[in-house]
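The chains carry the letters A, B and C, assigned in the order they are written, with residues numbered from 1 in each.
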Amino acid sequence: MYEIDKFLPLMIPLTALLAVPLIYFFRNQRDIRDGVSVLAPGTMFALAFLVFKNFYQNKEPLFIHILDITPTVSLQFRVDGASILFSLIASFLWIITTIYSRGYLGGLREKKQTSFYAYFALTLFATQSLAYSGNLITTFIFYELITLFTYPLVTHKGSDEAIKAGRKYFAYLIGTSLIFFLTAIVLTLSLKGEMSYKETGIFDGSESVEMLLLIFLFFLFGVAKAAIMPVHAWLPAAMVAPTPVSALLHAVAVVKAGVFVLYRVFNFVFTPDIIAGFNGHFIALTFSAITIVVASMIALRQDNLKRRLAYSTISQLSYIIFGFSLLNSHALTGSLYHLIMHAFGKITLFFCAGSIYVTTHISEISKLDGIGKKLPITMFCFAIGSLSMIGMPLFGGFVSKYYLLKGIAYSDYQLLFAIFGISTLLNAAYFLPIVYAAFFKPPKEEIHLEAKESQRSMEFALSITALGTIVLFFVHGFFYPLIGV
Amino acid sequence: MIVYIILIPLVTAIIIPLFGFINKKLPFYVTLLSAFTNFILVIRTAKKIFSYGTERYFFGGFEAPFGIEYVVDGLNSIILIIISFMFFIITVYSKRSLEKEIENRRLPLFYALYTLFYTGILGIVITGDIFNLYVFIEIASLSSYTLIAMGQKRNALMASYNYLILGTIGATFILIGIGYLFMATGSLNMADIKLRIVPLYHSKMVRTAFAFLTLGLMLKLALFPLHVWLPNAYSYAPSAMGALLAATGTKVSAYALIRILYSVFTIEFDMKIIPFNQIFLLISLVAILAGSTLALAQTNLKKMLAYSSIGQIGYITLGISLSNATSLQGSVLHIFNHSLMKGGLFLIAGGIFYKLNIENIYDMKGISKRMPYSMAFFVILTLSMIGMPFTVGFLSKWYLILGAIEVGRYFVIPIIVISSLLSLIYLWRLVEISFNSDVDKKEISEMPVSMMVPVIIISLLTVFLGVFSDIPISLSREAVKIILGS
Amino acid sequence: MSDFILSKFNYWASILLMMIGMYGMIAKKNLIKKIIGMNIFQVSVFLFYISMGKVKGGTAPIFWEKAVIYDNPIPHVLILTAIVVSISTTAVALSIIIRIYNCFRTVEENKILETLANDENQSGNNQ
C-alpha cells in the first residue's frame, strides 16, 4: 500500500507526458488524437482523486525522493493538500478545455492542431509536476519548463506580432526567473544548506533581517508568473495565443503556478512569523494592493475583450498574493479558495470570448452590442462568470472573498477593506456593461454567425465551467480538508 | 598500455596517405576505425584508472625524472574520454560534410592531418613531461593551421595565417617558460618539478617561468583579450574541423593550464606568493561578459558560436581562479560539458550550411520547416548552454556558483546570470527566426543520416548526463582529487 | 652596472633578438617579413636555451678522460627538437603564404584585408 501511495502522484505528470507521443502518433486520425487529449486528463483527474482519498485518510504530507542531480540538488515531490488541490483543478479544467479546443480549432480551421495538443500536454505535465514539487529547485525546473512549453503556444499564429509578443513573454518570464528566482534559491541554499519545503520553514529567523528581506523580495518579483506589478506585462502580451491557451494556461495553469510557488514561499520557505519579523508582508501587501487597483483601472480602458480579461486576471492574482501576505489562516484559506474560484470564473469568461471570436470574428468590446440574442448561452454564461468575479453570493467568487475579508478583519490592517470595496466596484464596472450591452442594446451592425457545428462543443464546455462556479459555492466545504489551515 | 592511446592515431596519421593512393574514400574508413579503437581503449583505460589508480608509462624504460613519462590519472582520464568521444563522433559526421566542402583529391591529406591533430591533443593531455607538452602543443597547432587553411573561402587562409603567428608567439612563450623552469629546478618531469620547486618559490626565475607559461597558455586558450585568432579560425575552417576545434582545441589548453597551475606549481604559490588568482578572476569575468556581448553582435552563425566559446572559456578559467574544490569541479565539468554542447552546435551549424548553403542568421527564416529535427536539437543544446536544469550545462554553472559562494565572492553570481541571459538572447534569436512561419511550407530536407546521428547522440547525451548526473559528477570529483593532490 | 650588463650578455643578446623578432611579427605588413620576424624571435629563444646549458669550465658533453665538468647537454637536445618545430612552422607558414599569393595576388596584409572587405560587401549585395 505504501509503495502505491508513492507511485500514484508520480503517475499524474507521467500520464501527461505519455500522451505526447500518442498525440503525435495519431496526428492523422483527428478523433483518436482528440480522444487521447480527453482521456489523458481524465486519467490524471482520477489519479489525483485517488491521491486525494489517500491523503484524506492519512492527513500526512507525503515525500517522494526521485533522483539526485548533484549532492545538494535533488528532484523531490511533496504531496499535500494544496498540491492535490492544484492538481485536481488543472486536470479537470484540461478535460473541459480539450472539448472546447476541438470546437475552437475546428471552427477556425487551424493547421497546426497536433503540435497545439502536444505542447498543451507538455505544459500540463510541467504544471502537474510543479504542483507536486517538494523543494525549491524542483519547483524552479518545472517553472522554467512551463515557460518553454507555452512559448510555442503563444507564438502559435507565427505572425510577426505573435513572435514579438512571444519574445516579450519569454524575456519577462525567463529573465526574472533567472535573475531573481534562481538567485533567491541559491542564496537560500548557501545560507541554510537545504531547499526542501517544511511546515516550520527553511529559515528559522536567526538570519539577518536584511538578508531575509532581500531573499523575500527576490522571490516575490522573481516569480513573474504571479504577475504582480511591475512584472506583469507578459500576461497581456500572451493574449495573442489562441483562446484555449489563454483560457487554460493564462487564467489557470501558468499564472496559478506562479501563485502556487508564492504559496510555498510564504508558508514553507518562510513562515508567517518570520515574514512578520522582517516586515516582508508589508511590502507584499503594498504591491499587491496597488496591483489590484491599478490593473482593474487599466482593464476598464481596454477595448479588446481578451486584454480586458488579462488585466482582470492580473488584478485577481494579486488578491491571492494579498491573502498570503495578510499572514493569518482565514486569509490563507481565502487565497486558496480564490485559486479555485478564479480559475473556474476566468476560464468561463475566456471560453466565452473565444466562442464569440470563432462564431462572429469580433474581438472588441465596443462591437458586442446586442450579441446576446445571437449567442444567448454564451452570453448568459459570460454573465455568470462576471458575477462570480465580482463576488456575488450564490457564485463561487463569494466564498473566497468572504474568507479574504475575514482575513482582513483579523489582521491589523482594517483600512484595506477600502481596497476591496474599490476593487469590487471596478470589477463590476468593467464586466457588467458588457453583459448589459450584449442583452439590452440594439446591435450596431448585422452580426453573422459562422461555424455553427463547432459552436456546440464550445457551448457545452463553457456551460460546464459556468455551472461549476455556481456548484462550487454550495460544495466548497468539499475542499476544506485540502485547504483548512 | 597507455602509450597505445598516442601510438594508434600517430601511426594512422602516417599511413593514411598511403591508403589515399589506393582509393580516395579509404582514409575516412581508416580514420573511423582508428578513432573507434582509440575511444574503446580510452574507456577501458579510464575504467582501470578508477579501480586501480594512476597509471604511468616510461618511454624506453627510463624511469621518471630522467625519461619521458606518460601519465593517466583521474584528471586527464575525463578529458581523454570527452576528446576521444568527440573525435569519433565528428569523424562520423565529417564524411558527408567534407564531400561538399573539400575537393576529393585532398581528402587523404585532410584525414592525415586531422588524425595528427588528434594525436597532438591527446599528447598534451597524457604527457607528464613539460617539454613533451610543448612538442605536442606544436604538433596540434601545426596540423590545425593547415586544416583551417583548407576551408572553402579565401578568408580561411588569412584566418589560418593569423592563428599561426599568434599561436607561435604563444608556444614560444611556453618554451621560454619551460626554459626558466628548467634553469631553476633542473628537471622537466612535472611531478619532479613540483617537488623541487617548493624551496624556490621566491626565486625570480620561477616567477618569470610562471608568467611566461600562463601567458602562453592563455593565448592558446583564447582567453579574452587574447582571443583574436579564434573566431575566424573556427568559422572559416571546414565544418567538421571547426566543430573539432571548438570541442577540443581550447579545452585541451584549459586542461594544460590546470596542470601547470596545480600540478607543477601549487595552489599556495598561485594564491599566496603572487596574487595570480585575483587577476585571473578579473580576466575571467571580463571574458565571460565580453564573449557573450560580442556574440550578440554577430550575424554569422558560426562566428556567433565562436564568440560564445570565448565567453564559455571564461567560465572554465573562472572556476580555476576561484581555486576551491567545488569551483574546480565546476571547471572540469564545464570543460566536459562545453565540449559536448559547443561541438553539437557547430555540427548543426555545419549541417545547415551543408543543406541550405546559408551562414547568416537572418537568412535562416523559417528553416525549422525544412530542418525540424536539427532545430529541435538546436533548442535542446541552447537550453543546455543557458544552464537549464536537467541538462549538463546546469551542473557546471551550479558548481561554479556554489564555489563562488564558498569563498564569499558573491559578485560572481550576477555576472554568471547576466551572461546566461545574454547567451539566451543570442541563441534564442536563431530559434525565433527559424520558427518564424511567414515562410511558405517547404519540403523537409534534413541532413544526411551520418550527419544527423552525431547530432542526435550529442543532444541526447546533454540531457541524459544532466538527469543521471552521477557519471560526470563522480568523474569530475576524481579529477579534483588529483588537482588538489588529496 | 656595466658589470651587471656584461656578465649576463648572453641574456641581453637573446632579449634584443627577441624584441627585434616581436617587432617584426607585429609591425610589418608584409606577410613574409612577419615570418622572418617569427624566425628571429624563435632563434633568440634557442640561443637562450643553448647558453643556459653552459657550465663554467665545462667541456662539450662528450666522454673524454681529461674532462672535469661537462656542459649540460639537455638544453641542447631540447633545442634540437625546438629547431625542428620551428622549421616546420616556417614551412607551413610559407606554404600558406604561397596559397595566399595565388588567391590574392599580393602578400601585403592591408591589401588582402581590403580585398576581403570587398568580398564581404559583394556577398552582402547579392543577398
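Just so we're on the same page, contacts are C-beta pairs under 8 Å (C-beta built on N, C-alpha and C of every residue); 3 or more make two chains touch, one makes a residue touch a chain.
None of the values given here were measured: they were computed from a predicted structure.
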Chain contact topology (line, ring, star, complete or other): line
Per-chain Cα centre nearest the global Cα centre, belonging to chain: B
Between chain A and chain B, centroid-to-centroid distance (C-alpha), Å: 45
Rounded Å distance, chain B centre to chain C centre (Cα mean): 27
Chain centre separation (chain A, chain C; CA means) in Å: 69
Sites on chain B touched by chain C in the complex: 131, 134-135, 138, 142, 145-146, 149, 154-155, 157-158, 160-161, 164-165, 168-169, 171-172, 175-176, 179, 182-183, 188, 360, 363
Touching residues (chain side chain B, partner chain A) in the complex: 383, 386, 388-390, 394-395, 398-399, 401-402, 405, 413-414, 417, 420-421, 424, 428, 432, 435-438, 466-470, 473
Chain A residues within the chain B interface of the complex: 67-73, 137, 140-141, 144, 148, 152, 155, 158-160, 163, 166-167, 170, 174-175, 178-179, 182-183, 186, 189-190
Complex contact set, residues of chain C against chain B: 22, 25, 31, 34, 38, 41-42, 45, 48-49, 52, 74-75, 78, 81-82, 85, 88-89, 92-93, 96-97, 99-100, 103-104, 112-113, 116, 119, 127
